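Okay, got some structures for you below.
In what follows, chain A forms one complex with chain B and a second complex with chain C.
This part shows the complex of A and B:
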């Protein structure tokens, strides 16, 4: 079996990038552990590619330093950074066969011929394309081309592997297959991976930790679970998966604080006054019919605006005054709500999170 | 052919008619004349095969055409590269620069070169100021080449640019992140991908340079004639349509041979032949 590599440690210190008046990235600070799989997640234009390009050396940072294994590489030319990369949309060399493509980095790094052959075969086997070595890239399907791009990036076992939305051009089934493959390769190889995506499910499924970007700035860094359960601001909670959001106010109440709406009040630890938002994950919310009397927690009147069957559960889109979102219930439990029906949302107070609005970003990072 | 196709095919008729009347018919007439004038027989081709002056003229023409192709290719490549890799604004400006010569007639440009290259011309005046001996350029093949290359430049630049803008700009970056220094990334990735443009441009320039008349007539010497000037002499001065016809047929064969050669080279190098056409 293949030997493991020692993954590189990557550190970004106050990295920023300015394109004229556009701030593509600012104050980016990140420490990636050796062998870690980290995702940069954020909406379009949030600075993910820019950040990745600065690590690769395609863009020069306007400020800050980039370190690999404690060594400053900010001014080292691209070809001496010892980084592997999978580009969005493959970027295979169209004039070379699959084999020559995969062999290319090995050649540049001075491997001798038998070693090149062995590593090429191994990389192609890893992505199940052993038989396609002699083809030209144009003679492959999209998924196969993406696998060649993957094989080419891992062939010489770089200690750091960058991937920029490698699966975004593929359909869902292919994407999931390749996600499994990428995870397996990462495990086998032990290389450090920085993975760019705007798909939260993909980031959740693959990563040890996720870095959430918005408007060029890091919003939060954490494990998928941390981000999902403890988003540090409104943006992160909105962006990471579906949830119910309810607008309200935080008011001082005696010695503590309370989140206040005209349909319920909840005590909160958040030390803040002013507009706030309450957030509940879809699986923590229960839907009950409007006439039901059994209420243990807070309740909010809502209307069902859409209903989607997903596997064993039903997803309800609900809307209510000052809020709305998605509720997920098991099909066997509740399947009797119809679109347009008036319902009540209820949940255990402890399962909800309250986030102050406006100043939320700063508060989040301190916590 | 479907009815829709046959209906749209009508659109091609005017152009086809023009090609038929303006090209195929005269070529056929010349072909016929080359074996019938002044009397039926192969005497014109025998003349071409045995006359050493005719040989000199043909070899000189090929030699100049090859040189013109090489020189324009070497000069046009960096220019085209610059065009293909710069911003839209810079590219438009450079495009105007390339097309500028098209706005003046060949005649005017040839006279401009005379002013620059003649014995007491601009070039020698400048050289003289630095104490350099005056050069004899006007009336030589060098002057012809200079004049031709200047005119031919756009025909080389444009096909090159059209292929180069189609090259994914991330490919050289991909090569670099895989460990290739800048020059290797260029040589191993960008350059091979730009070759269809080089081939297309070379083909056009070579063929065009076989047909230059005004430039050699004004900048060259009558003792160093090229095929078009020899044709003129044969047909319009000596009224020998047959010999002129034979010379024209020989040129046609040469063009065909070059086409074939380039296509073979392209095939061996794995360059898609369709792409050469696509580059035009």
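This part shows the complex of A and C:
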């Protein structure tokens, strides 16, 4: 019977990493709950991998502290941090059998022989590879190799498990199968997982919370639902999921504020003046023909620039003055629009979100 | 086969012969029946080999050479591997200074190296001693190991070592248990080349040898100046067989890795 692990609490306090004049990560503050599955999501060079490498100990932070269960581990060497890790390219030891690979961390942590054997068998069973113990890694497929890597990482039941884009080398079908497996193992084991990915769907599917990175900084931390519905800035809204965005201005109006374009104005809670962007998720937008009279909410004239059938729905790419994006309509809808057609976009004002645009330029930092 | 292909083949055969003919000529000469080094040899006999193995001077030189070459191979392989790994870990100007520094014994003329070493060894009482030979030959052989191990390291996936650390292995155990096995093709081939470097080294060895401790090439060189003795041809044949075997070993070990991954 497999025992549950007490997941570690991980805290990053003002972590930063400077490579010469390049800032790879800055002001990273994050608290991960015991047993939580958290994803670090962002484009390449956004600081997510650098952050993971600092947690693992491969990179030394230029500043800040890393705590595991309230204990400062910033200066503790890698091999004494008690973590498990799955690497992007599997990183299996090619000169050892599958069994020896999985046993390696148990050996290093001083488990005795019967215990090692038991834990190795258990870890291999968890990834359904119990019959492959005697094989060499090179004799396995990519998906199987990554499952061995997973077994090796969880074999000694580390309280903290790091994963660095573990599925990016696999094809789509395998990826989805392994996602399910990773979720199940996380549930069974109860360990804390920090998962790095550039794939928003993967992050959405796996995580309790997602940390969105861009240009070395955390943009937003939240549950997948919060990030999708309430992105805190333009980057998060565009990076996570499809959307329609419309440029405008926020102006003071009486005692409150209003988002203003020349085709509509909407009252807003956002306390800001200057350029802003309105964001609507594709499923909240309705397309109606330009001649239609039924207009309940705000409307914007747009042109269909492309159209893609995706099974149950049709995806329209639309463009309009000061904006554009993606709209999805159900296949069953009577209205069928053609490329080049003039249409109107309409939506319930409550389903849109207004985001002030950063007025200050970037601080000249590259990641 | 068209005309240009014939020409190409003829050119290849010619260049090949040009490179190895002087070496191959020595073999028939070592079976010469007469006391002469003239080519072509006349008749067939094993008397020069017999002479080689029954003469204390020749056999002693051969055994000295084998002993020194084996120990040099071990020393140079350990030191060269550590040096190559160290260079792999530092980057930029320190790496290139270090690498060029380690290659120095390969570049400076042996005569200069030999003279310098001789005057130093005279002071330290190392002339004609086993430690003296080992110090000299190891310095000459280390660059070969640095080069072969370095080229294996260039293809080394560092996340293997990182994986070992994360698994709880300290740096030493990760190095021995994961990195060294991964570098084995380069290490073995470096060891073979280190053996060859020591086994057929003559210039530096002449400076630091004494009548009591000589390597085979030194014995040959001295013999050549004294008299025309076809035993030299037998010695040359033996040196050739040994170094060729080592070179083949070196080449084969570089191909070890391809089979495994």
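The criterion applied here is as follows: the second predicted complex is superposed on the first by the 355 of 367 C-alpha atoms of A that agree within 3 Å, B and C clash if a C-alpha of one lies under 4 Å from a C-alpha of the other, contacts with A are read in each partner's own complex, and residues count from 1 in each chain.
Definition applied: a contact is a pair of C-beta atoms (placed from the backbone, for glycine too) under 8 Å apart; a residue touches a chain by one contact, two chains touch by 3 or more.
On a predicted model such as this, the values are computed, not experimentally measured, just so you know.
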Do chain B and chain C fit side by side on chain A after the overlay, or clash? clash
Mind working out whether A:78 is in touch with chain B, chain C, both or neither, as first, second, both or neither? both
Once the shared chain is lined up, is A:104 touching chain B (first), chain C (second), both, or neither of them? both
Output check: A:264 vs chain B and chain C. Expected answer is one of first, second, both, neither. What do you get? neither
Which partner chains sit in contact with A:87 here, chain B, chain C, both or neither? Use first/second/both/neither. both
Can you give me the overlap between the chain B contact set and the chain C contact set on chain A? 56-58, 77-85, 87, 91, 93-95, 104-105, 108-109, 152, 156
Contacts from chain C onto chain A in the complex sit at residues 157, 159-160, 162-171, 173-174, 177-178, 181-182, 260-261
Contact residues on chain B for chain A in the complex? 168, 170-171, 173-182, 184-185, 189, 192-193, 270
The residues of chain A that touch chain C in their complex are 56-58, 77-85, 87-89, 91-95, 104-105, 108-109, 138, 152, 156, 162
What residues on chain A touch chain B, complex-wise? 56-58, 77-85, 87, 91, 93-95, 104-105, 108-109, 152, 156
